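Labels run A, B, C and D following the written order; every chain starts at residue 1.
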Amino acid sequence: MTKKPTLDDLTDRLVAFRDERDWKKFHSLKNLLLSLSLEAAELLELAQWQSDEELESRLSDPKVQERLREECADIFLYLLLIAERVGFDLSQAGADKIERNDAKYPVEKARGTAKKYTEL
Amino acid sequence: MTKKPTLDDLTDRLVAFRDERDWKKFHSLKNLLLSLSLEAAELLELAQWQSDEELESRLSDPKVQERLREECADIFLYLLLIAERVGFDLSQAGADKIERNDAKYPVEKARGTAKKYTEL
Amino acid sequence: MTKKPTLDDLTDRLVAFRDERDWKKFHSLKNLLLSLSLEAAELLELAQWQSDEELESRLSDPKVQERLREECADIFLYLLLIAERVGFDLSQAGADKIERNDAKYPVEKARGTAKKYTEL
Amino acid sequence: MTKKPTLDDLTDRLVAFRDERDWKKFHSLKNLLLSLSLEAAELLELAQWQSDEELESRLSDPKVQERLREECADIFLYLLLIAERVGFDLSQAGADKIERNDAKYPVEKARGTAKKYTEL
């Protein structure tokens, strides 16, 4: 049984992929941030003109699941390239952010409301 | 030494965080896709008005590294919530996408050029 | 009574504003496109976490109207700067696009459906 | 000689176009904001992987000018629909914003720098 790839595995593969094609010159940090933004829009496009309910109901279609999965993968790969460039571990950054949010949105104040932490 | 958190660890924590605050009702798939897009813009804002070189040179500033790290974490957490909602593993999706890109951009054709695969 | 400003009036004022501050060097086309995208996200942020109905109901609040008006103005000003840089008239471009949409989405086929023209 | 279309002309045509196709039901304010954001990304895509200079040099190509013109038109039409829905005049909003920017970025402080007004 194949182990799930770790973030370091994926980052190593991305760097190899990039360097085999001599693409590092295109991967300025600004270009990586820009491309991630474009992929986020391709993901959001799946919700265009649809109500919350319509989108949820389309989730039973394997084609729609695959589109979502693929667009999320694109964004994820850019995150890994950015993390590699800047020099941080994405999963540790995620863990730290969950803790910061825990403090910003204490359960007793934030429960049930979408208010921003500045309004709590 | 603390092990690095796995994607499943982070997803479990995100779900717990969401449910403690009774926030699931806000987390329609459409709203998650929309919020991810907004975070991608906050990340891109770090490049506003700056040339590639200016942004690269600011990377030596720990405050700038921290901003990048935190905005990437925000996007990453939304990807995990979306993956949880739709029902796929983000790292496997990433691995599959690298393979698909490998086929779409064969080294001998793609080397050194930013052309889209449809133009190769 | 003051006449409404024309797009040419606004463009002249934008160019003067920019040149008084010696800002043309920041206004590469790439930077203008990037900044417009950021403003579009600031506009979209007004809808974050809200259902269609919640957002519509907040329209009675003059503060919300003002936020929407201001964010739209930001985007509009970038459009005018881009049009000035590339060399086209934005209102004529708009008129031409309405005609092109009219042909892409004939009433008898498009009525009542949000399907893309490729699926009609 | 045909007069250039005014913003009111364009808005009237957009409303007629929408109503002939019974599309008002899709045009919740949230959906209009979302769609404008997607169009902004399509515009930004024209700069993907390109340096400022590469993009500027491509401006001599009529096909590139036409793509830019068309994507700007798409964004412009959504701005008009949003202005119609919320109840403001886009050109007056633009004029007011130029004045507000004039105060936020006084020439003597802002000249030559891209610093945000909060840092001036």
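Following the convention adopted for this analysis, contacts are C-beta pairs under 8 Å (C-beta built on N, C-alpha and C of every residue); 3 or more make two chains touch, one makes a residue touch a chain.
Source: prediction; values computed, not measured.
K.L.:
What pair in B-C, A-C or A-B shares over half of its contact pairs, by residue number, with A-D?
P.N.:
Checking each pair in B-C, A-C or A-B, only one repeats A-D, namely B-C.
K.L.:
Identify the chain pair with more contacting C-beta pairs: C-D or B-D.
P.N.:
C-D
K.L.:
Starting from the mean Cα coordinates of chain C and chain D, work out the distance between those two points in Å.
P.N.:
2
K.L.:
List the centre-to-centre spacing of chain B and chain D in whole Å, with centres computed as mean CA coordinates.
P.N.:
Distance between chain centres: 27 Å.
K.L.:
Quick check on chain B: which residues sit in contact with 2+ other chains?
P.N.:
26, 31, 34, 37, 40-41, 44, 47, 49-52, 114
K.L.:
In the complex of these two chains, what residues of chain C are touching chain D?
P.N.:
Residues in contact with chain D: 4-7, 9-10, 13-14, 17, 20-23, 26, 28-31, 33-34, 36-37, 39-41, 43-44, 46-47, 50-52, 55-56, 59, 65, 68-70, 72-77, 79-80, 82-83, 86-98, 100-102, 105, 107, 110-112, 114.
K.L.:
Spell out the residues on chain C that touch chain B in their complex, using ranges where they run on.
P.N.:
Of all residues in chain C, those touching chain B are 26, 31, 34-35, 37-38, 40-42, 44-45, 47-49.
K.L.:
Within their complex, state which residues of chain B touch chain D.
P.N.:
34, 37, 49-52, 114
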